[in-house]
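After this come two complexes, each holding subunit A, first together with subunit B and then together with subunit C.
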Partner chain A sequence: MFNSLRQAMAWLHTWFGLVLGYLLVVIFFFGSLSVFDREIDRWVLPETRFEPQVIPSYGDILEEAFVNLAPDPDELAEARSRVEGELPENLRVLFWGAYTTHRDPTLSIFAEYAIPNNPDDPYDHIHGHATIDPRNGKVLSEDHLNIGSEFFYPLHYSLHLHWKNLGYFIVGFAALMMLVALVSGVVIHRHLFKELFTFRRDKHYQRRVLDLHNLTGVAALPFHFFFALTGLIVFAYIYLPVSETLLAKPAFEYAMQEAEEKGLPFEAAGIPAATASVDEMMAEAKRIWALRDAAGEVGFLLVNHPGDQNSYVSVFRAGTDTVSLVGQGIHFDGHTGELLYEDPVHTAIAGLNEFLIGLHLQHFEHWPLRWLYVFGGLIGCVCIATGFLFFVQKRKRELKSKFGLRSVDAFAVTTITGMLLATVAILVANRLLPADTADKGNWEIAVFCLSWLLSMAHAFWRSAALKIQAVSPAWYEQCYAIAALALSAVLLNWISTGDHLLVTLAEPYWPVASFDLVLMVVSLLSFVIARRLHRKVIVAPVGAQPEERKREEVSRA
Partner chain B sequence: MASSKELSVLHLLSRISAGIAGAYCFVFGVTTLGITLGLGLGMSYTDAQTLMYLLAFLIYTTAFCWAFIHRSLLTIWLFLIGGGGVMTALGWWLGNHA
Partner chain C sequence: MLKLILLVLAMGFSLSGMAWLALTKKAHWYQLSGERSLPHKKPMPYRLLGYAALLISLALCILADNISIAILVWVMSMTLAVICIAFTLSFRPQWLRLFVR
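== the complex of A and B ==
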């Protein structure tokens, strides 16, 4: 079929890159935003604009918050259809958990509840989740959406398509094709080092786009490869579920054996028992870490089988100063409070895995690296977007008379400017909708989806102009809209909260100040790009003579 | 490499299917067998599984690209689906009965 290795790789690079390019831009873009998901949460939820907190006292705050936590209503409704008979009113708690990082003022708490009487799965369970203010235990309204961590971030890895984990598989396949595109890209380019320094801005548009595609692809090659690969490793258990299917028996036996060896009961005894002081357990864990010259805060707390004689409490050190998310787990008997087990030093394989996943998720404290992640992600967006812009440009003549050109161009507009438009639109909606709006989060999501759909309709409508001019007006019209909306978001934040830049910079409160600054840069850049594109359309319509167009290009350069 | 004369939609679809589904089947087999072999070598289940997860996507990428490089489509299908099937069955048997 292909006459050479290079030809085969070029075909793979072109076609899989094009088909999945649109999706990869979305994944890379929202991945880049997710690097600052907590900071975006502060911007959209003014009531959470206070300093990051450590895990609060169990006795004073957490215990009550855990007891009041309830199963997710949707999961509960689904579970009812899986069981024989009625579910008990109070489901048995399998565990309570709390997780925090050095960037979290609020605390995420969660639980797992046993679902009895499922004939197909004796270990069936559902979850519960809430966000609390760790200073007083107050539950934050479920109507409010953490747009950064609960909307942008899951969009990055699951597209919010949870049916049969469909979104995870689509994103996983796109990540695999990213790896393939990188490998095939390396094979088809003979002069990789040279590409790193090549950008010929005086050449024609098609060449400039290709130069930019090659430059960004090569410059950030290790970054792109690393993130595509580690993103797959994070969700490998979903993509290759061998331990829940073919190897379920040995996996279960191993889990039972491991629990017995560690002295950590796998199942509840069914005998009620009082819980010892969890605060003392956390203090003891911190004392042990300090003794080992690794003083730190609690990042992750698990209370297993609470209120049962087999209860045990696991305390993990926050990974603020290490690449891995959390570590050095210490486990206590929940009933007596005595120390049961300390996690040993990782094996080489577990250590490597923790390192790779930790580097992808970046919960550790390193602000310059965090910004580099954002730039790396955005460079990835530029690389992929220039890839399909080059594809369109190269085939323009073949496609000109067909619907194909209009479609490809309209999808490109929808993916790039439409995605940005939807992103700033949800922020504007967040500031415009009153805080007490019922179901506020869902309204914000509706605005996001509607804006994106409208941008697509606009892109298709305006692509009709491609018959008479080189650039669809949709590009610059949507850039103007992004510029206006991004600036509006900054102003609306000022009006609705009083936190304008002079206040947040003087304090300083970086989560809001930096996000406002980013929005202003986005607004300015969008405006400049819109103006340039608009002027280009005015001076060089497609019908102009080649010489005339060349002169225009030279004069602009 | 096959000749460009052989280019047909069916041929192309077959290669794409082999690249996507065949490579997945192959990697599923490698993971299943790899975990059980790791257990046999004295590794903990967690370590054996993690090691295979670390390798799986590098193997998938290689297998996917290979499906577009190798001349014989029959060999590609036999190796990926056949090899994947045999490894999956062997891994399952070793893990559950050995």
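== the complex of A and C ==
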């Protein structure tokens, strides 16, 4: 079928890149936004605009918040169908947990509850989750959507398609194909190092696009490779769930054996007992870390079997200064408060695993690196989009049917400007909808989806102009819309909260100030691009193909 | 503050390293000097300077941060440097005269 390896790789690179290109642009774009998900959350939820907090006192705040936490109503309703008879009023708590990072003013708390009487699964359980203000324990409204961490971020890794984890599998397949595209791209690139710095802006359009594709692909090759790979590693347990299927029994037995070796009770004793001071345990953990020359804050707290004689408390150090998320776990007897077990220095394999996962999830404190990640992600978008544009340009003449050409162009508009349009539209909706709107989060998501659909309809409608001009007006019209919406978002933030740039820069409150600045840059860039594209269309003489226009100009001359 | 200075220096060395490496390529030498071929004695010293600058950049990153983070910063700084040098060569090649003797 193919005469050489290079030909085979070129086929692979082109067709998989084309099929998954649209999707990969979306994954890369929302991944880039997720680097600053917590900061976007601050922008959209003005009541959470305060300084990041450490894990609060257990006695004063956390215990009450944990006790008041309830199982997720949807999970509870589903669980009722799995059990024999009625579920008890109060489900037994398996654990309470709290997780925070150096960027979180609010605190995420969660719990796991045992589901008794399930004939198929004696260890059946459901979850509960809430976000609290760690300064006073007040629960934040569930109606409000953390657009950064609860919408953009999951869109990046699951596309919000939760049925049978379909979204995770689609994104996983795209990541795998990204790896294939990178390897095949390296094989087909004739001058990988010789042309590393090459961008010939004075050459023809197709050459420029290919140069840009090669430049962004090769310069950011380590970033693309490691992010596609680590993205797969993060969700390996979903793609290959052997410990829950084929190897469920040995995995369970191993977990029990491991708990026994560490002296950490695997199951509750069923005998009620008072809990010792968790605050003292957290203080002791911090003292031990400082002794090990790794002073730090608590990032993750777990209270296992609370209120039981077998209860134990696990305290993990926040990975603010390392790539791994959390570490140096110290475990205490929940009833007596004595130290039970201190996690040893991890093995090389475990260390590598933590590094690779931490590299992708980036909970560390390093602002320049965060911006470099955004840069890498956006470069990835450029790489994929230029690859796609190159393909289309090369085959424009082969696309005999006008409908084929129009659809390809309309899909490109929808993916690039449509995605940006929907992103700024959800921010505008967030500032326009009153804070007490019932189900506010769902309305915001509806605006996001509707804007994207409208941009698609607009792109198809305006692509009719491709019969007479080389650029669809949809490109620049949507760029104008993005410019207007991004600027409106900044103004609406000012009007609705009073936090304009002079205030946020003077304070300084960087999450809001920098997001406003980014929106202003997006607005300006979109406007400049729109003007350029618009002028090009007006200036260019009417004619379907650039070649025809050239011939016309030559004959006129 | 010291950390920021170290990181800015590391970025500077990444940029310089990539600039010198770019100048060992015929096409980029032409963009800068207008000469079709590279002078015989140039490529090796520039190549060595380029790699040395990249190593100094790595050392500065390690001085600034924990080694696991430093490696990520270094790799990403090189990515940024390659893109910056490529666009400088394309739009303002004369700026790279700084690196030529």
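Throughout what follows, the second predicted complex is superposed on the first by the 539 of 557 C-alpha atoms of A that agree within 3 Å, B and C clash if a C-alpha of one lies under 4 Å from a C-alpha of the other, contacts with A are read in each partner's own complex, and residues count from 1 in each chain.
We adopt the following convention: a contact is a pair of C-beta atoms (placed from the backbone, for glycine too) under 8 Å apart; a residue touches a chain by one contact, two chains touch by 3 or more.
These figures come from a predicted structure and were not determined experimentally.
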Touch test for A:184: subunit B only (first), subunit C only (second), both, or neither? first
Partner chain(s) touched by A:461 [first = subunit B, second = subunit C, both, neither]: neither
After superposition on the shared chain, which partner residues are touched by A:5: those of subunit B (first), subunit C (second), both, or neither? first
Check the residue A:368 against both partner chains and state whether it touches subunit B (first), subunit C (second), both, or neither. second
Please work out whether A:123 is in contact with subunit B alone, subunit C alone, both, or neither, and reply first, second, both or neither. neither
First (subunit B), second (subunit C), both or neither touched by A:50: neither
Shared subunit A contacts, counted only where both subunit B and subunit C touch the same residue: none
Could you please specify the touching residues of subunit A with respect to subunit B in the complex? 1-5, 8-9, 11-12, 173, 176, 179-180, 183-184, 229, 232-233, 236-237, 239-240, 242-243, 246-247, 249-251, 254-255, 258, 347, 349-350, 352-353, 356
Subunit A partner contacts - residues on subunit B that touch it in the complex: 1-4, 6-7, 11-12, 15, 20, 27-28, 31-32, 35-36, 39, 44-47, 49-54, 56-58, 60-61, 64-65, 68-69, 88, 91-92, 95-96
Per the contact definition, I'd like the list of subunit A residues that touch subunit C in the complex. 194-201, 215-216, 218-220, 222-223, 321-324, 355, 358-359, 364, 366, 368-369, 372-373, 375-376, 379
Quick one: which bits of subunit C touch subunit A in the complex? Just the residue numbers, please. 7, 18, 21-22, 25, 27-28, 65-66, 68-69, 72-73, 75-77, 79-80, 82-83, 85-87, 89-91
